[in-house]
Amino acid sequence: MTGQAHTGRPRRLLRNLSSKIASIPMMLTAVVIFLGGTTWTVVYSFTNSKLLPRANFVGLDQYERLWDAPRWIVSIQNLAIYGALTLVFSLVMGFVLAALMDQKIRFENTFRTIFLYPFALSFIVTGLVWQWILNPEFGVQSVVRALGWTSFTFDPLYNADIVIYGVLIAGLWQGTGLVMCLLLAGLRGIDEDIWKAARVDGIPMWKTYLFIIIPMMRPVFITTLVIIASGIVKVYDLVVAQTSGGPGIASEVPAKYVYDYMFQAQNLGQGFAASTMMLVTVAIIIVPWAYLEFGGRKRV
Amino acid sequence: MRFMAAALAATVVLPSAAAYATDLEVTHWWTSGGEAAAVAEFAKAFDATGNKWIDGAIAGAGSTARPIMVSRLTGGDPMGATQFNHGRQAEELVEAGLLRDLTDVATRENWKEIIKPASLLDSCTVDGKIYCAPVNIHSWQWLWLSNAAFETAGVPVPKNWDEFVAAAPALEKAGIVPLAVGGQAWQAAGAFDVLMVAIAGKDTFNKVFKDKDADVAAGPDMARVFKAAEDARRMSRGTNVQDWNQATNMVITGKAGGQIMGDWAQGEFALAGKVAGKDYTCLPGLGVNEVISTGGDAFYFPVLADEEKSKAQEVLASTLLAPATQVAFNLKKGSLPVRGDVDLAAANDCMKKGLDILAKGNVIEGTDQLLSADSQKQKEDLFSEFFANPSMTPEDAQKRFAAIIASAD
Amino acid sequence: MQKSVSIKDLSLSFGAVNVLENLNLDIGDGEFLVLLGSSGCGKSTLLNCIAGLLEPTGGQIFIKNKNVTWEEPKDRGIGMVFQSYALYPQMTVEKNLSFGLQVAKMPRPEIDKRIARAAEILQIGPLLKRKPSELSGGQRQRVAIGRALVRDVDVFLFDEPLSNLDAKLRSELRVEIKRLHQSLRNTMIYVTHDQIEALTLADRIAIMKSGVIQQLADPNTIYNAPRNMFVAGFIGSPSMNFLRGEIAGRDGHPVFVTNGVEFALDGYGASEALQPGRKVVLGVRPEHVAVNAEGAETHQATVDIEEPMGADNLLWLKHAGHTLSVRVGGARRFAPGTAVKLSFDMGLASLFDAGTEERI
Amino acid sequence: MSDSVALKSAPAAASKAEPWGAKPRRALSGRNIMLYGTLIVAALYYLLPLYVMIVTSLKGMPEIRLGNIFSPPLEITFEPWAKAWASACTGLNCDGLSRGFWNSVRITVPSTLISILVASVNGYALANWKFRGADIFFTILIVGAFIPYQVMIYPIVIVLREMGIYGTLTGLVIVHTIFGMPILTLLFRNYFSALPEELFKAARIDGAGFWQIYLRIMLPMSLPIFVVAMILQITGIWNDFLFGVVFTRPEVYPMTVQLNNIVNSVQGVKEYNVNMAATLLTGAVPLIVYFVSGRLFVRGIAAGAVKG
């Protein structure tokens, strides 16, 4: 692409050369690490690798065992519950907070900082603090009981039926602030005239949000969704720090199953099979959507 | 005695070491107070040889430290030495040629003779070659009881498991959790193994875990163990803690009647200033069947290109097993030394009970040695679920247990 | 005239969509050519191809007889002015002007000389130290033109440069661009959807639709002799009146018949024989219909709506089942319902084939 | 085709900070009570853990054992802070978090800079110089954001080993660059796409090439999104434990390793006050970054995320 006076069509490969050179790190990451690493994982999920990866193929054995394992089933169920609730609650809470923040309020900076600061803390810290607050011996429950309501029971982390909601409380605490920020940013990007038009037309505020503003914020919601969803699939540290998967196996999640079987049980094959199942699920949901969303569109 | 031992250690290793003084990075997951103090004894002894111990401590055994160690090894950036669970877990690293053959050092220092029980060295042996240096013996089979708790409940301190079960209602009435079991999975699985040896005996234990006999695992002896586990589950309700030492703390403070935990728990009692026999009672083999397991910790030495560091590795290996180091280390760690020829005069009552049983040869191998990490993990998953979920029947659990044994390698 | 820009068989498609198809266009040296069309007709795409900002799928582009089809924009000898001005927001006006020259490693004195000249021509001297955000829309567009000016190029490309300005500024700047062209005599290619700009500025207009040039001619021809119904309808405000009907013969002379009303075609210069029975469309501009004039042939009509516009007065009339727009002098007022007589100037009318919509 | 984005679109709109809702009426209207009531309740939920952390870190152990975690300290002590910073033990090294602080800085600074640099160039190439197949790579990247890190450890160990940079700071920087790439590239791509395309065209007419346009036109206009990327990366990298420990040696272990060792030690009495002090100390850097640049964060996100 230099200033040389050539009249022929340049070689396909040389067109946009700087851009291609600049994108080499991205291409390498995409192909070698993400694609290559994934392929490697999938291939080795058909082996009986233990501590070290070894190409000793055993067909679908690892997968059969995986789907026979009660812990894996519980993990999948937990991820589904945690994922669905996180998506719904962080979007709803995030949006409500963002909408409130968008009302020309006083102390906006203070409120925003308060909502956002947990995001600066790691999941390990988040898990620890909430483990503590939710501990019935000296957390919320004991405080309420000390106030006189002695039959009060609030021990989500020690009740297998609701433990995943205890994790959810902590997860939302950490992540909603970012969602609020993203959506607030989206709200600020909406043309002022839209609000004027809606007011002139006498549309109630909640209806304006629901039917006009939210559909207009589709791109922001998509970015937000990518960030939340990728966090949900990877949830691991939070559970480890807060419950270690307990009580029993009641709060296990897939990423923890993968990690425990890879490194604690030293059964790489099993861990890889589990991660392959995770990847397949993600791929089925994400790939078609991602390609429609990010690919194929031409800029003129 | 300490001075003597140190001097002895110095004379053993100094001559060969002085010429090869070098830094050696040692990774391990002993990070708490008592553990760190114990490691410091190793470091002190190693530094005394003129080399330098570079400490690479990472808290959190299996989940955190292991992937780091394995990554360093496979990534071609090995440390000088590393703690690892010996037995089945390191086999593959040995087979991959990543770990160093210590047979020369072992022969020179006559490990075969001095290491007791011999099963410890067997766990380090692959194809007749020795790959690790065992440093201590930990036994699991202890029931720790709080004398104060039983006093509060108005019942005598039990002398065995059955009495303990019988005393449970009284404890509960007094608002005391009879049996503290921490939430982490390994604690439930460990407690079950202890119940198994105590109730079904050594033979059943070996048939199930050593021979992987699924029929025995599904049989009537094991059914009794599962019944006992159900008792334990009922007695453990109300233990709202995760870590084992928090559970131990419940016993120490009299909030719980007892805990099934390994010998490392007595470190906690000692730290809290409690005296065995007066403040707390320890029942090896749950007071039913006085057998202890001989698991423990070991150090492995990766293959290094640097010749001087390789020499230093040999010095470290022999330092770890030197009598003086063994005494100093194990007293701090609360574990038993791997050699029978050292004097543990400073040991407390419970430790002495353990030493007696060890001397009698009433030992079994630890489950870490007998089962692969994979089977161990499956077992943990099962018992952690069993202990947390009262609706799971002992029969169901036994069925799943037998299936795990059947598929174990 | 010497050719300045020459486009041969240019095609461009995005996937299955053909935006330009085998387009040919020659632009003379010093000519002011306007590309006119509604949005999506391909006019901006064509301009971007000439600028080298889009790669054509086929065909060639020559500038000053040099094949530049695959040249970088900077090597084509062009300057470009954008609708949104596209001034670099973080740079002062002076930096904006000098950026391209610095990139080309031009010596500083020469850069200063050129900036001074551009500033003088465009009267932006006092603005040089300011940032774009401190300028008004009109000033910004002057700077944008200045940026093309300092490059001292053969060809200026304008991409709807006045569309973001208000009506008053637009007409002021329009005059200025015309003055600029008259003094510089550069080739200018100017994209717009505004027919006034096109008619006032252009030496020639190329009217585009769906990637095809419909007509390329001087403004007068475009206005008075549109080649097809699209061009006829696109140019002029209000639009040309279209009457659908057919050719009939009366006394050997062709006449146009619609809804039973006849129009003599004697004054119309047809390019081919007008066969009776042929379906055609008669096009008459509002100003080419006389109201209540003394003439050979008159038609009855009724005033429906009157739109006084100051200088003009626009009448909407009912005539033979059609609605006609007719322009009369501002002083002539007609109340709705008034019956009037119309006479049509066939010499300035257009006749199109009803099927092909081409001019006959 | 001619209706290109006007100059005032994204960055300018983003720099306007005033919200558009309805105008506030009287101070004590029902609406305001609802509005501030909700905000304050939410703020309490968010502040509670921080309060607990701070209060606990200022108590002595005996007081903590007494119970109520919400009660303010009877006797304020800074000892836990001193201990966490200077004398908490990691194995044999008893110099607290201070040991890892500079290591964390040494890891975070280059990792943040390089990952942002690479991702911004990616985003720029994707937005302005899209080449055939670029979308496929980008799609892979986005899907890659969903892969649990742990799964990638072994493949990356192998790749770094083959490159001969396993165990070096360079290797760690590359790892952070890789895992920061999906989200950052998405943000930068969106941001650059939202910039008026005509600016890019004008610069090309002016003869600027790929790098000149990036450095002289795009970079100066991108402060908000760089702030966002910086905040995200500093937070992520500073809080990272797994990569810091898997891909380096003990002498450069980050602060989080010491935090893990203090917090996760399996034996001994849990010193909650020291744990909390250590947690707050470790979180201090990202927290300060948030407090200082929170306003720019929203602005940057506004510019970067609005366009999909």
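Should a chain be cited, it is by its letter among A, B, C and D, assigned in written order, with residues numbered from 1 in that chain.
One rule holds in what follows: contacts are C-beta pairs under 8 Å (C-beta built on N, C-alpha and C of every residue); 3 or more make two chains touch, one makes a residue touch a chain.
Here the structure is a predicted model, which means the values were calculated and not measured.
Note on connectivity: the fewest steps through touching chains from subunit A to subunit D is 1. Note: the chain lying farthest from subunit A is C, by mean C-alpha position.
Subunit A and subunit C have CA centres that are 54 Å apart. Centre-to-centre, using mean CA coordinates, subunit B is 40 Å away from subunit D.
Counting partners per residue, subunit A has 1, 15, 259, 262-263, 300 as the residues that reach two or more other chains.
Counting partner chains per residue, subunit D shows two or more touched chains at residues 1, 150, 154, 260, 263. Counting partner chains per residue, subunit B shows two or more touched chains at residues 67, 74. Those residues of subunit D that touch subunit C in the shared complex are 1-7, 11, 196, 198-199, 201-208, 212, 216-217, 220-221. Residues 1, 12, 15-16, 18-20, 22-23, 25-27, 29-38, 40-41, 53, 93, 96-97, 99-105, 109, 111-122, 124-126, 128-130, 132-133, 138-139, 142-143, 146, 173, 177, 181-182, 184-190, 192, 195, 199, 205, 218-220, 222-224, 226-227, 229-230, 233-234, 236, 255, 258-259, 262-263, 268, 271-272, 275, 278-279, 282-283, 286-287, 290-291, 293-296, 299-300 of subunit A are the ones touching subunit D in the complex.
Interface of subunit D with subunit B (complex): residues 89-93, 150, 153-154, 157-158, 160-161, 166-167, 245-247, 249-251, 257, 260-270.
On the subunit A side of its complex with subunit B, the touching residues are 50-52, 65, 69-71, 131, 135-137, 155, 157-158, 160, 240, 243-250, 259-267, 270. For subunit B in complex with subunit A, the residues that touch the partner chain are 62-63, 66-67, 70, 74, 89-93, 96, 183-185, 240, 242, 372-374, 376-378, 381, 384-389, 400, 407.
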